[in-house]
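Below, chain A partners chain B and then partners chain C, in two separate complexes.
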Partner chain A sequence: MPTGPVIKGKLSRDDILMRAGMIVIALYLIVTLVMPLSVMFSKSLSTYRFDLSAFEFQVSDEAGTFDGTVLTGLELNEATGAYKPRDLNTNADGRLGVTGFFPDFSFRSPVEYQIRSIAEDGRYLVGSTLHTGSDWQQLDSNTFRRVSLRPTKSRGISNFVEYFSTPALSNSIKNSLWIAAVSTVITVGLAFWFAYALNRSCMRFKGAFRLIAMMPILVPSLLPGIALVYLFGNQGMLKELLFGASIYGPIGIIIGSVFFTFPHAFIIISTALAISDARLYEAATSLRASRWRTFWTVTIPAARYGLISAAFVVFNLVITDFGLPKVIGGQFNVLAVDIYKQVIGQQNFEMGAVVSVVLVIPAILAFAIDRMVQSKQVSSLSARSVPFQPKPDKKMDRIFLTYCTFVGIFIVGILAVCQFAALVKFWPYDLSLSLKNYQFNRMDGGGWEAYYNSIKLGLLTAVVGTAVVFFGAYLVEKSKGFKTGRAIFQGFAMLPMAIPGMVLGLAYIFFFNNPDNPLNVIYGTMVILVVSTVTHFYTVSHLTAVTALKQMDGEFESVAASLKQPTMKLFARVTVPVCLPAILDISIYLFVNAMTTVSAVVFLYSTDTALASIAVLNMDDAGDIAPAAAMGMMIFYTNAFARIVHLIASKGILGRTQAWRTR
Partner chain B sequence: MNFKLTTAVSALIGAAMATAAIAQTELTVYTAVEAEDLPRYAEKFNEVNPDITVNWVRDSTGVITAKLLAERDNPQADVIWGLAATSLLLLKSEGMLEAYAPAGVEKLNAKFVDKDTPPAWVGMDAWVAAVCVNTVESEKLGLDMPTSWKDLTDPQYEGHVIMPNPNSSGTGFLDVSSWLQMFGEDEGWAYMDALHNNIARYTHSGSKPCKLAASGEIPIGISFAFRGAKSKAEGAPLEIIVPSEGVGWDMEATAIVAGTDALEAAQKLVDFTVTEDAMRMYNVGYAVVAIDGIAEPVEHFPEGLADAMIDNDFEFAANNRARILEEWQKRYDGKSEPK
Partner chain C sequence: MPEATTGDAYLKIENLWKAFGEFLALSDVSLDIEEGEFVCFLGPSGCGKTTLLRAIAGLDLQTKGSVHQAGKDVSNLPPFERDFGIVFQSYALFPNLTIEKNIAFGLENAGRTKPEIAARVTELLDLVGLEEQRKKYPAQLSGGQQQRIALARAIATNPGLLLLDEPLSALDAKVRVHLRHEIKELQRKLRVTTVMVTHDQEEALSMADRIVVINNGRVEQIGTPTEIYRHPSTLFVAGFIGDMNKFDGIVDGPEGITCGQMRLQCEQHAVPKGNRAVMAVRPEDVVPHGGDHDASGASGQVETQGNTLNVEVTEMEFLGSYWRCRLASASLGTGELIANFSMNAVRRLDLSEGKRMMVELPKSRVMVFDAAGV
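Entry: the complex of A and B
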């Protein structure tokens, strides 16, 4: 029988509506992520080169008469060998002197020179005055020595060649990979035993330790750097502990990275350790396996996906972090700080784009490997599993308690040092306490206005971000058919995770600061900060929403359809209330991150939209370290307060909306 | 009653007409002047020109320069008031400045005015390099008080000197370009090679070295006099040294951005920035201002600062900037290896 035409279901109005919604949110991701990144990539290929053939010269004799011989710069350079081909590659700010073309040149000689650009748009300077156009310009020797040629724009890979042949730049790749790797090993090791103690022992104060472990998430990553200066700097309280080594450099970056990545690793590993099958342990005991053997053959394999995932998350956080190495990195160059130095210090946007491309590669690789490993994960917990219950073991419990206390002291200690630094009048000469360092309006960085701006950004990001992310996740999770579209959308939603904040920020400059872009109006406003923050933290929020939505059976949609209820009504009346815990989690996640992020917004804030986290960075940069610590602690208290409000709100709302969960 | 209403209405109309009469011109002014000085500057300006509103856009020198360059094809600023002359030269060579000779420009020291006529920018005050030395810490370490740049290369200071990275700090570039001008290219680089051995690290900002010296973190900070004087006033045990060979300097300067739609107001603003009143206003924080003989000594500023200022060739600095920075990076930035 011949195959008939493929039968397709007719699209209902609801389906069309949902697809349209999905396209809108996909468009949002294209405009705020894909397009800026592609503009940035193209910028990294935009090069500047002195085009010697575009300039012509004439030289007179001693009497000042020209014989009419016209030579191009190219011919002159070939004759004299003044510049090698590599010297002609430059950046946007490049200038090239021309006296090298004339071996007999002396600024005292009566010889006159003429110069012109062949094309109308060729550019050269006399002194610091810009000249364009193809008219001949006659100059005496003394003025001619002040002539410099300006480069023309072209496309090519010469920026990359320049990058990899300059050790001062390309060494950063090695440095970045090295500190990221070392920090990963230490953090995952520490977090594993901490999570192990909390999940597999019967030690006391578990609740308190869980709270402490989450504290670093509430502060900007550069805050531990400030604490380390007070602890181990040349005037530090504990500098003897370093035995003469300098905290400014890899040591400082690694200690600080361990601090700020610890909670991320802890959450992931703790989840992996939380559930396990007690039958495996019973089997191990009855086989008389030693504890050590049981640990390696049962515990570790069960937690391996958590460990791998934690490792990649930490690696990515460290390699893309900018605040910490800026504060405490000293002469130890890393990629993220290089981007900042190129863009802010040297206004070399092209090289900044090159470093960004270089930084994206390890970040994307780490992310891709993690996703691949995660997709292999199979459930180790079956319906017949018996949940593992730790048994009291006095000796082990005491060891774990000691260990957790040490980690707890490290975390609380860093924050306490910052608070102390903020209150001391003039470390180390005047140790009396004062609130002088809270007079932010007297410092660079934006003052108290910056703090209020941050709260505004946090709230806007939480509201707008949660709405966009959750709605997007709902559409992609619950719409029927349209497989390719959904797959592409998923891809876009995962992409932000792999894009470092610095790279996103720089891409936004290129994309949104272009006068031809109709979206140019949002540049320099709060809107661009909200957009960049939502996009930067899109992936984790999206995954949280998807997980919550996956728990809801697709039957709901079918029932709604058969009752002829529009999907949007179902969404508002059933889905949102049921998923409210996840929605609240997403909004607090976005709020806290908007308060602490530095990298995504450091290129985008303007005078009116200075932010608290940026103020910490800038005050430290100006040497006002104590006020920087004070502002950092303000962020901490604000976030802690937000967390408490979130806790109370969830309890209250959950009581009302989640009653169906308990019978 | 009826009379009252009429008066009220006419008062309202009068008020409305009054505001219309002094139609406020708004100027977007980009600046790198310290944040705390800005309200004072605007207030003084408004005493003379109440009909012009100044909207400040403030950031560090590097950021403001980057912002202006990025907006090259679509300038947002009307006037630049208080940005390093080196940056303004950069903008000038991009053709971004509107040349204008403000009323009274002839009173300014020629050093403080762009060489072209009409000048593309005019100076306000000088921003002079200096060395901040922490007396308490250097006594503890048994260090001699340095008196010259060359002194700082002495092995006794190894690891005790800190300076800004010229690749990210205007002050750092000012130091490097002044050494190259004073000592000549070859000797200048040789000097920096020797100095590099004593440098603890290079900071991103120009004021940080002095603040680190003030807090005793590193005893000797190469920074600028203004910053040192401020820290000293706050009670830091600092000595501000003016090296005997002379010191590099840059100036804060003013220029009109080409393409502004409020040219007349912009010119009024630039006129104001070179008046003697304005100079006295700059004098609160800066010991050297553009009109000679006006500046009162500023507390805690070292003596002889104005005489020690070298004859800075801004054109050399601007036209060789890219080359100098590249060379500097090659020599000193790549040395840090992971251990």
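Entry: the complex of A and C
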């Protein structure tokens, strides 16, 4: 090739428009995701320590004359041993009293004290007034009582050192991993056979079972916890079944996790089993392979990516879940709850950030492996495969029906218990039915207002989120050139899935609750709830949109350009109508998740924007378990209703706008 | 922008290069296309012909080099600012719009009134003969009909240049032959300059005014279908278009080559004497000689004169309108000669497998190519 400049294409108006749009949405993701996370990360490295050498003290004689020696805090502490080195580590709000340096201190004594700072960042409080600088503050002993030192900030890993040297905290890592691993094995096992029965047998009621399997998606993850309390709690109906073991702890968390992760595993495994190739089974039969051998050599290998993917999704869901262990975890600490305890309970934001960083690591790992596995699954699909048609087999079909019935009873049972609990007047003493538990306005937690807020959040998230996600996906899929920009955008779009909700919520506190941030105005409003929910559930929505867009002919944009028609006209006239099914799927996904999510928003709601799912949490916390169950079931019915509306709307819209699909 | 009018050609492509990383998809491609001409880019898949088409459209810009259309430098313009209509292999019809709305898509926002658009759509539907289908959706039409709609949509705005990217390869053989003819008719009627990309030599030979044969990102030959077929300028073109017998040989003069023990006379060529070269002759150019089989059967000794040689028929394959025969000749070396004989010739000479016969390779049909060019 000759040397000389490479031809630089002139950008058309459309190219510029699309790039600008992509940059806007990328900026949205930077502001709502990357920046908060980086602030949180830097927070986890911020350490606060009382620097005793930064302060000097002097004591007067009883006449009030200062002629004694001037001593630094460090020297005083060495002399008196008032504080151990550990005591000097603190957080941003730390305060250290100084009277301990003077063993014979008495606030009635006429002796006076003076204090000054000799380092630039040495700050101390007298009462609530902050002082710095090397001018002596002369104080009588009664005032000196109210002096407290403030810590100096520096960067380092001492928060992490402290975390890992505090067994009460670092034990949670083990607990979380253990809970997640056990729940994963059980859920994937149950879901596999359930999906197998639905895809590979001729048993009856498949449609009903499919519906039942999806029900847990419609409720907050903490709802099974409430049902388990009613079933196996201290006054539980079936308490004896546990033989004295307590439901408050790992047992409860695992059972509840199996419940709420079941549909996720079921969908993935069911998809994997559905694409299996009948020709392989015919080959196996013609080679006279036994059923057992066929299962291990054909079925399992074909579904292995589905199984692995399901395992990592479940693992991720369990390890990052906050609602369930909060309700039923008892004294059993897990990472997600630790974040909540550190932040809400102890106001130790730095330690909350440390736990968040620790939690992100397994979550990102699970996510990355899942993505790798899923990209492989796509490539194993062949267009020439023949779909497998199960043949009736009376005995097997009956076994599968029995099995699915048990799983179905488990799922429906949990929800039925909640509904029952919500309607009973006073468990277990007065079992007459009433609606008094629905008088939410009499309880803490936000009342009916919270419920309406949730619906508002759901609708706003569905509308705004779908618009942002679909448009963003379109821009990144269909714009030309600009490779680096698009790759970065894809990365941002995948990130939210790896970030646990608790971590995102905490990051939002750090980022948006900073008075210096001009976006501070959205803190405590509905806006931040919508933003956090859209961002939290961005990835799955994005992938749905991308999948739909990839099925569109790649040359539509070229045709439009050759016809001198703006890309946005093509987008409105062709792309959106053709992708409408996917768009509706995204919006219902966002709505349902906005209704049920607890983790990200638990740090972000204010009294004006309390949410139904948070109300469940708070009412449960306050001991109003029955109303909590009632509210949880309200969420269930709302989501079920939304699903039905979505179904009818889809059918209606598809009937009218998708006439072209039928030949 | 420099208003560079370079020559008279409607489309002028000069020294085009396209690199994908290290890989050169186009190397120094230059060609001129006259106004109203139908030009085919022909080559094996991956040779760069589609890349060249997309560079002309501005869909994927070339790395270096220039493209002038109607005297205007369009080298770096986006597709939006160029003047062309395009039909893709997939047709890319908008699935949710009816046929008429698909065609009208490009007619909107260009200052036309609604009745004008409707009239133009009707005119185009008439042109492609699909007037009754106007309210249907693309999925309700056959592949051939979809293809014609795509064509109608591409020419709706009267573009100066029509680009066709393998427009027929998604269709089955019968429809393809029929549409070939139809597209060519339409192009003649509209006199629109047309560039078509294809890997199907029959398509190119039957439709194009001129063919550009491309291989490995380079232009191998530009010429009319008969020139390309009769006088391929490289061994690649000779082998790629039509069937060709090839034999290794050594050049022994400006009009001669020796293959095995045979010295063959041929048209004048430029390969220096003594060089290794390839002798090529098309199966249909092998002339069967009557009467000789009796002699060969009797004595096994026949005087070879000129380009005539003694062969044995080893295999005969009936292909409907002619026979394809495999002929073995000791004197030509190891290779086997393939010849297409008409039904008449086979009947007249009473050919069958195992028979010996005489064939002639006419001097004017024997081609010689430099072996280094393989």
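The rule we apply is simple: the second predicted complex is superposed on the first by the 573 of 663 C-alpha atoms of A that agree within 3 Å, B and C clash if a C-alpha of one lies under 4 Å from a C-alpha of the other, contacts with A are read in each partner's own complex, and residues count from 1 in each chain.
Heads up, the rule we're going with is that contacts are C-beta pairs under 8 Å (C-beta built on N, C-alpha and C of every residue); 3 or more make two chains touch, one makes a residue touch a chain.
Please read these numbers as outputs of a predicted model, since none were measured by experiment.
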Exercise for review: Would you sort A:14 into first (chain B), second (chain C), both or neither based on which partner it touches?
Suggested key: second
Check your understanding: Is A:341 contacted by the first partner chain B, the second partner chain C, both or neither?
Key -> first
Practice item. Identify which of chain B and chain C touches the larger number of residues of chain A. Key: B
Check your understanding: With the two structures laid over each other on chain A, which partner does A:330 touch: chain B (first), chain C (second), both, or neither?
Key -> first
Point to revise | First, second, both or neither for A:426, with chain B first and chain C second | key: first
Exercise for review: Would you sort A:513 into first (chain B), second (chain C), both or neither based on which partner it touches?
Suggested key: first
Study note, to complete from the structure: Intersected contact list for chain A, partners chain B and chain C none
Exercise for review: Give every residue of chain A touching chain C within the complex, in rising order.
Suggested key: 1-2, 4, 6-15, 553, 555-556, 558-565, 569, 573-574, 577-578, 657-661, 663
Review point. Which residues, counting only chain B, touch chain A once they are in their complex?
Key: 34-36, 56-60, 62-63, 65-66, 69-71, 73-74, 89-90, 92-95, 115-116, 120, 136, 165, 167-169, 200-202, 204-205, 207-212, 214-218, 234-237, 314-315, 318-323, 325, 329-330, 333-339
Revision key, fill the gap. Residue positions on chain C within touch of chain A in the complex are 15, 17, 19, 24, 27, 57-59, 61-65, 75-82, 84-86, 88, 90, 92, 94-97, 105-106, 108-110, 137-140, 153-154, 156-157, 159
**Study point:** Of chain A, residues touching chain B in the complex
**Key:** 90-95, 97, 125, 127-130, 146, 148, 150, 166-169, 171, 174-175, 178-179, 229, 233-235, 246, 248-250, 326, 330-333, 340-341, 343-347, 349, 426-430, 441-444, 447, 509, 513, 515, 520, 606-607, 618, 621-625
